Amino acid sequence: MSASRFSPEVEAAIREVRAEVARLHAELVRYGLVVWTGGNVSGRVPGADLFVIKPSGVSYDEITPENLVLCELDGTVVPGTPGSERNPSSDTAAHAYVYRHMPEVGGVVHTHSSYAVAWAARGEEIPCVITGMADEFGGPVPVGPFAIIGDDSIGRGIVETLRGHRSRAVLMQNHGPFTIGVTAKDAVKAAVLLEDVARSVHLAREAGPLIPIPQDDIDRLYARYQNVYGQAEDDRR
Amino acid sequence: MSASRFSPEVEAAIREVRAEVARLHAELVRYGLVVWTGGNVSGRVPGADLFVIKPSGVSYDEITPENLVLCELDGTVVPGTPGSERNPSSDTAAHAYVYRHMPEVGGVVHTHSSYAVAWAARGEEIPCVITGMADEFGGPVPVGPFAIIGDDSIGRGIVETLRGHRSRAVLMQNHGPFTIGVTAKDAVKAAVLLEDVARSVHLAREAGPLIPIPQDDIDRLYARYQNVYGQAEDDRR
Amino acid sequence: MSASRFSPEVEAAIREVRAEVARLHAELVRYGLVVWTGGNVSGRVPGADLFVIKPSGVSYDEITPENLVLCELDGTVVPGTPGSERNPSSDTAAHAYVYRHMPEVGGVVHTHSSYAVAWAARGEEIPCVITGMADEFGGPVPVGPFAIIGDDSIGRGIVETLRGHRSRAVLMQNHGPFTIGVTAKDAVKAAVLLEDVARSVHLAREAGPLIPIPQDDIDRLYARYQNVYGQAEDDRR
Amino acid sequence: MSASRFSPEVEAAIREVRAEVARLHAELVRYGLVVWTGGNVSGRVPGADLFVIKPSGVSYDEITPENLVLCELDGTVVPGTPGSERNPSSDTAAHAYVYRHMPEVGGVVHTHSSYAVAWAARGEEIPCVITGMADEFGGPVPVGPFAIIGDDSIGRGIVETLRGHRSRAVLMQNHGPFTIGVTAKDAVKAAVLLEDVARSVHLAREAGPLIPIPQDDIDRLYARYQNVYGQAEDDRR
């Protein structure tokens, strides 16, 4: 067995994040947010400048903790680690950019879930007309700029849209949703709830005018949900 | 083993309601009415001023009879009982209000099912244009007032809308559906059928004008269904 | 063991139809055509004036060959047979009417599948704009009259609409679809394909004008499909 | 055991294609692209003028490597081989035409997936407004001519539309989608992603005007995806 380049603590943290990120990819499938190999989850390794991400073009059935790819925060693969013989997700640069510029973020998710993509293809934010949306996103879900793969422009678009924003979800124009969270699980939760509200508000508006929620009530709902929902050790922390 | 504060009969009833309410949460998942930890079922304990409800922020996979929370009818958790170390659902106050003010109600369900939420976001009742809806709801499904979490206003809105109404379902404006029943299973059935009619009528109206059902026929269908459908021991009693 | 009132041949046929009709109810669930206890399949017993049908208000999980109900062609339950302690489906009179008046029919299915119900709530036939619909239904799927439960009017509406018609499916106005077939399996196939075309044509028309298929081509497709599709012993015979 | 008419190498290749094509039919079911027995996958046998295709009218549950039908490139069944007692898919002539005229094609898929059929029933191409669609199809998904079964007109329509086109998918007017690929798996991937974009763009356009993607960006995305996505041995080769 070769000597690890990481401390035992960091090795343990990597193992835990690998297991969690592998498990969370199955949630994308369960909630119908992805087809074939599209979509990806990453998780930051606590206490290290590292994150774990889906390999490119690999089917969800085949994802294991060991074939996930460990990356530095500049998006380069850590050589000699499990999964390092594979290419990381083609969205790795965007995830890396978010981790570099938003230290509070512990997880990033990208999907092509249908209703969220539909709003993104029109470049239209999702208005906040459901109390559950006020709870979770604190207002409308914003649109990010049109940006194509190849440089930092997707990552920059995500960060510029979400930094200082209540929403943990952004609809990248003509592309699809990215969500962030304090953990990878929290980012997956945001992706699941985003598609849910994208669908409900789409359906609502198809059939007639929506009733807005007064801003005061949105503010109250958001404040309450951040503080009292769930158990002491709930699924965000 | 510590002495129970309840009689053996009530203890047995609590055990039965815990098992049933745990099982019924799986039906919400099976019928696609909930995502993540949203939505909740509660059941009144027959012969006692108690009800059993989902803990807050707990995933459906993890629900067991033992981690459900036992509450008094004022919504406070019964200390020292299984699950009492957890917070009950954030909708507990609304469930409790219904149990206090509608003694005939044995179960309450809340979901964010997509089509029902869509009608709720427009504050629009679902017209009764399907015979199955006349059977089950006896007419249109009504809208309840806009009310936010924090006091009794959600519970009051449910009770004021459903008391004396044929419908076992209410669409709380900008929020989503609550359903009631003589048992928890009956309330879950109402939640399942509500989403079904919310979808069918949404789809129908998208494509052109609906044909109304004459009120006399609605009345006849509703009367018949309450009396003769199902087996002697059917799934409502 | 009590002596059967039927010959061994008829007893064997009853057993076979019970097994097949029980199995076919699971197909309604698999294809999402029913929720809760709604919907039902029946099958005629070859060589006897009998049919087997779902009991009323029983969940799909609990259906077994033995709790299906054996009925005479006037809809009365055959006493002393397995399942005879239960009420048959509340749609039994309609099934019975079809068996009495259409001797070529070996199976009947009723569902509340969402898209088919949507066309039924508008009382609008489904136009034949897909070649697969020409294959299977030979043209548009017709609408039957508004009729409510309680006498023969539903059965009569089905028979008057489908007798001499190519379509094995009818959309009963404000109610939902009934399908018929030479066997129960064939009727279930018609119910599955009906919902499929009801959805596809609904979606197509939402987004713009449909291209009609020339009548000659519909005729040619229908004629071919009735004769050459499938294996010698295919799933219709 | 009778002597095979094929070399051991070809026999081995046939076995491999049978196993793969059987497995891939389950993907059509998993992604909801087919109901009942509709839809079919075929795969070319490398190194031989042969392909393997679904038998007609056989349910997806019953498909095994051995009951798939081995055909010559003119669509005739190879006698004396496993499955040769069955009729091949009624779409066999169309698949055969594609294999004869597009030597680069290793797999063909036909489904009646709902959203793709909806575009086909209007004879309308799917505009390229999602970056994932630019990646995969390189632009809009084109419409092929109206053609009915019975001669080479479906096959000819597919080939005339897709030859020299970036798209691996064609919407045959009033019929449904056919997709091609370098392998059967690649063609199934195209069928899955086609339905995904057909749905997303349908939903997007229902709710307002779409934002087009500049042609330059479409070109860049397509070029990149063909070259760098996935692993060295990714799922297209």
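The letters A, B, C and D name the chains in turn, as written, and every chain counts its residues from 1.
We adopt the following convention: a contact is a pair of C-beta atoms (placed from the backbone, for glycine too) under 8 Å apart; a residue touches a chain by one contact, two chains touch by 3 or more.
Because the structure is predicted, anything quoted here is derived from the model rather than measured.
Peer 1: To get from subunit A to subunit C along touching chains, fewest steps?
Peer 2: Each step joins two touching chains, and the minimum needed here is 2.
Peer 1: If more than half of the interface residue numbers appear on both sides, call it same; otherwise different. Which is it for subunit A and subunit B?
Peer 2: Mostly different residues.
Peer 1: Please name the chain that ends up farthest from subunit B once chain centres are defined by their CA atoms averaged.
Peer 2: Checked the centroid distances; the maximum from subunit B is D.
Peer 1: Since subunit B and subunit C share one sequence, what rotation angle in degrees maps the C-alpha trace of one onto the other, as a multiple of 5?
Peer 2: 90
Peer 1: Counting only Cα atoms for the centres, state how far subunit C is from subunit D in Å.
Peer 2: Measuring from centre to centre gives 32 Å for this pair.
Peer 1: I'd like the Å distance between the centres of subunit B and subunit D, where a centre is the mean of that chain's Cα atoms.
Peer 2: Spacing between the chain centres: roughly 46 Å.
Peer 1: Multi-chain contacts only, two chains or more: what residues does subunit A have there?
Peer 2: 206
Peer 1: Per the touch rule above, enumerate the chain pairs that touch, sorted by label.
Peer 2: Per the contact definition above, the touching pairs are A-B, A-D, B-C, C-D.
Peer 1: In the complex, go through subunit C and note every residue touching subunit B.
Peer 2: It is residues 35-38, 55-59, 86-87, 90, 112, 114-115, 117-124, 146, 148-150, 173-176, 202, 205-206 of subunit C that touch subunit B.
Peer 1: Please output the residues of subunit B touching subunit C within their complex, sorted ascending.
Peer 2: So the residues of subunit B touching subunit C come out as 31, 129-132, 189, 192-193, 196, 199-201, 203-204, 206-211, 213, 217, 220-221, 224, 228-231, 234-235.
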